Amino acid sequence: MKLSARNQIPGKIKSITEGVVTAEVVIELDGGGDLVSVITRKSVESLGLAVGKRVYAVVKSTEVMVAID
Amino acid sequence: MKLSARNQIPGKIKSITEGVVTAEVVIELDGGGDLVSVITRKSVESLGLAVGKRVYAVVKSTEVMVAID
Amino acid sequence: MKLSARNQIPGKIKSITEGVVTAEVVIELDGGGDLVSVITRKSVESLGLAVGKRVYAVVKSTEVMVAID
Amino acid sequence: MKLSARNQIPGKIKSITEGVVTAEVVIELDGGGDLVSVITRKSVESLGLAVGKRVYAVVKSTEVMVAID
Amino acid sequence: MKLSARNQIPGKIKSITEGVVTAEVVIELDGGGDLVSVITRKSVESLGLAVGKRVYAVVKSTEVMVAID
Amino acid sequence: MKLSARNQIPGKIKSITEGVVTAEVVIELDGGGDLVSVITRKSVESLGLAVGKRVYAVVKSTEVMVAID
């Protein structure tokens, strides 16, 4: 599957915290730094996500803001 | 200002394409790779964004998806 | 690529309207009814989207609201 | 109330999973297939959502991505 | 129609800027201050939006961030 | 930090409900009315959010819909 979302950043999973409905997945980016994702707990299961697994953080462009110091 | 959005990734602006309402801002991340942001053209003006300027790409955690190969 | 976004609805493209930065893509769902997507014009190009092409409308669960009459 | 969000897809509720803050609502679309929504648990209560209830899944166009095989 | 989105703030339209695909609608809130919305130009037409018209700004809770000084 | 998100509405925190992953923060706006935000529980901690604290509700323009009666 090829997706219109233009931001697909490679990394590996550093931690997963599971709630009842949602889960927080922290991704250590290959380029340095962490990215935090909140998805459903069921997606964590269906994708077989686990600490150390290689993944992409995917973000739709309209969801990215810009900030300056 | 300190923001609840936990993803704030440093980089510098590579290109800006302005439409009537929105603008596309491509950010070259310090860690490598590009991130594309779509914000309003007025935000580009009010922040004084320009190619080469140092910025942060900011994303709310609930907007980050996870993908596997 | 397998994505955490759990809503992937099949259909085919009915119309595309391109602006400077964004494009509106109307998808005729296989199950009936249309779904409207706003993505960047560059994604329309990079995916080679055109009227009649088979696609999936993809939506992250946290972006879906519920309404009652 | 008439809403700017152009995607309003009819269906009925198939399941509800409630967490502390959020709830996952699975909607069986009239056109076939399921759509998953994550809203607050309080919205589930205030709308009186329950399995079997007729609802609309509502999505803002800027939240819809497009994918190809 | 009753919607799960819990933020529905009353105001009236102060300005509309229309692009090819999207439109920017500035809403003067009854409680003071402005709120900016970007929706499709077609939604502006189908809702008959115009300067001075009374509207609600509607936001899903998962889209609201919190900031401190 | 100065942010591209153009909606930054002042208020103070009325209540916080914490789940495992997410938290619901209700903000009483200075202009009247409440705004509900769902952020991660860790953001509540890192910002030191508490009932009575002065905050801003921040929303990206592309996340704001418009409704009419």
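Letters A, B, C, D, E and F mark the chains in the order given here, with residues in each chain numbered from 1 onward.
By definition in this document, a residue touches a chain if its C-beta (ideal position, glycine included) is under 8 Å from a C-beta of that chain, and two chains touch if they have at least 3 such contacts.
If you want to know which protein each chain is, UniProt gives these names: A, B, C, D, E, F = TOBE domain-containing protein.
Note that this is a predicted model, so its numbers are computed, not measured.
Enquirer: Give the chains in contact with both subunit C and subunit D, ordered by label.
Expert: The common neighbours are A, E.
Enquirer: Distance from the CA centroid of subunit C to that of subunit F, rounded to the nearest Å?
Expert: 29
Enquirer: With centres defined as the mean C-alpha position, give me the subunit D-subunit F separation in Å.
Expert: Computed value for the inter-centroid distance: 23 Å.
Enquirer: Going by the contact rule already set, what residues in subunit A reach two or more other chains?
Expert: 1-6, 19-20, 22, 24, 36-40, 42-43, 47, 56, 58, 60-63, 65-69
Enquirer: Output every touching chain pair, sorted by label.
Expert: Between chains, contact exists in these pairs: A-B, A-C, A-D, A-F, B-C, B-E, B-F, C-D, C-E, D-E, D-F, E-F.
Enquirer: Spell out the residues on subunit B that touch subunit F in their complex, using ranges where they run on.
Expert: Residues 1-6, 37-40, 42-44, 46-47, 56, 58, 60-62.
Enquirer: Which residues of subunit D touch subunit A in the complex?
Expert: Per the stated touch rule, the residues are 17-20, 22-24, 36, 38, 62-63, 65-69.
Enquirer: In their complex, what parts of subunit F are in touch with subunit E?
Expert: My answer: residues 3, 5-9, 24-25, 27, 29-33, 35-39, 43, 47-49, 53-69.
Enquirer: Under the touch definition given earlier, write down the residues of subunit D that touch subunit F in their complex.
Expert: 1-5, 19-22, 40, 42, 60, 62
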